[in-house]
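You will see two complexes here that share chain A, one where it goes with chain B and one where it goes with chain C.
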Partner chain A sequence: MDAESAAWLRDLNAGGATRDAAVARLHALLLRAARFEVGRRRPTLPHLRGDELADIATEAADDALMSVLRRLDDFRGASLFTTWAYKFALLEAAVKLRLRSWQGREVPLEPEAWAVLATATPGPPDDLEQSELLHAIETEVRDSLTAHQREVLVALALNGVPIDVLAGRLGTTRGALYKTLHDARRKLRARLGARDMLPDWLDAERRPT
Partner chain B sequence: MSRPDLRQALVRLLGPAGPELTCEECFAELDRYVDVELAGEDAGAAVPGMAAHLVGCPACREDHESLRALVGADQPL
Partner chain C sequence: MPTRETAHDVTAWRRERLERAGFPPSLAGRLAGERGRDLHQLIELAERGCPHRLAERITAPAGPDDRPGAA
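Then we have the complex of A and B:
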């Protein structure tokens, strides 16, 4: 473990004034991270006032502080302590902002976007191929997936509902929903593969940005 | 809808091809992955399955982008 991370752990596990000072430094660090996340997302949240965003950042830092202090024993020095701590504040802020931005909005669970996809104008031969692929996907989504898989796939992958928002509405977790999405995608891939309909370009474009 | 948009929609529907981490595993490894990335080392080899998950999960991808940007901003030029 690097010296700076070890010092964080030592001070946070100490008692009295040393710990109090370390907790205050940690809270300042987490608040900076939460404000960073709010700042990154601010252009996409024009309906939220500045004081609302400031409150969200403060709440995120407070919640992240509790998470970090609860999990101190989990930190083994695989990264810098500050990197490890930052991720809790970024997650708290991101989740709160996603939930806030969808507050009061209906979560679309029906395949509204099929119409847009399906009417994409066929032109060159590969567009025609994609239209056939879309039709096959629509058929497999309808016939091969369970109702829950279909609902989750459509909301997350087609209608762009944030996974934390859907988890809140359905009373589940991000992890559980992603497992459902993953299983649905695997089933679709298997069905389309069996029909020799998976395009060559599909996996060549899969890079995180 | 343009062809690139259509392709992106298909990518979102069908997800990544290879093995991928779960969201919980992604969060557990995210700090190490970012520090390895920013050190210029092979993060994909250090955390197999992370890159595929970041393709398939928009929320974890956003979390990764934010952490990388924040830690990167801390580093000296």
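Then we have the complex of A and C:
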């Protein structure tokens, strides 16, 4: 581990004024990182005012500080400590901006995207096969999944709702939704496999962002 | 921070989710307004046949008296 990173760890694990000063320096670093990320994404959020963006950066820095302090023992020195810590602030800022961008927006849970998918087929030779596959998926989504599994799958996989947005509205965790998504995909894989209609994309273990 | 309008919309959205899962309107309305309440867990319990009142108790946010070893 480099000397600068070791000094950060030493000071943050110390007590009293040494630790307080290190925490303050770390918070300042994280605030710069969060402001950078907020500024970078600002063009995509024209409806947010400057003071709102400043609040988001501050909240992101605060939460990132808590995360870094909780996970000090996880730092192995593979990079500079400041680089490692910086990423926490970037992530927190990105998540908060994404949540804010969905604030007040409808979270679509109905499979309105079927028609879009159906018209996005690659070309005439594939039309029939794609159409049959989409029909089979639609049938199994409707008949094989529970209502809640269907809503989670449709929101995350079809309608592009960010998982942290859905988790926030439901008051649950990303992990709980991943579990439901995994169960729904497994059930669909089994049902489509039994009909010999399992598409590659459903066979892959992929996670939404 | 969420605006009052947005918080109202989210509560209405949560209430609709619960009612669609079979929760009585009065219970759905109350649980929807409790922001610490995990709707995902509530709905999954209900879909597995758990009575709604029991699901409410199971998903109640832990209080200080619920800690292991608490008197």
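In this section, the second predicted complex is superposed on the first by the 169 of 209 C-alpha atoms of A that agree within 3 Å, B and C clash if a C-alpha of one lies under 4 Å from a C-alpha of the other, contacts with A are read in each partner's own complex, and residues count from 1 in each chain.
The rule is short, and it goes like this: contacts are C-beta pairs under 8 Å (C-beta built on N, C-alpha and C of every residue); 3 or more make two chains touch, one makes a residue touch a chain.
The model shown is predicted, which means the values in this text are computed figures rather than measured ones.
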Partner chain in contact with A:Ile56 - chain B first, chain C second, else both or neither: neither
Which of chain B and chain C A:Arg169 touches, first, second, both or neither: second
Which superposed partner A:Leu90 touches (first chain B, second chain C, both, neither): first
Touched partner set for A:Arg189, first chain B, second chain C, both or neither: first
Partner chain in contact with A:Ala22 - chain B first, chain C second, else both or neither: neither
Contacts of A:Val161 with chain B and chain C, given as first, second, both or neither: neither
Which superposed partner A:Ala147 touches (first chain B, second chain C, both, neither): second
Common interface positions of chain A, toward chain B and toward chain C: none
Residues of chain B defined as touching chain A within the complex: 1, 3, 6-7, 9-17, 20, 22-24, 27, 30-32, 34-35, 51-52, 54-59, 61-67, 69-71, 73-74
List of chain A residues in touch with chain B within their complex: 33, 36-37, 40, 78-80, 82-84, 86-87, 90-91, 94, 98, 113, 116-117, 120, 126-127, 130, 133-134, 137, 153, 157-158, 162-164, 174-175, 178-179, 181-182, 185-186, 188-189, 192, 198-199, 201-203, 205-209
Contacting residues of chain A [partner chain C, same complex]: 55, 103-104, 107, 146-148, 151-152, 167, 169-172, 176-177, 180
Of all residues in chain C, those that touch chain A in their complex: 1-3, 5-6, 9-10, 13-14, 17, 20-21, 35-41, 43-44, 47
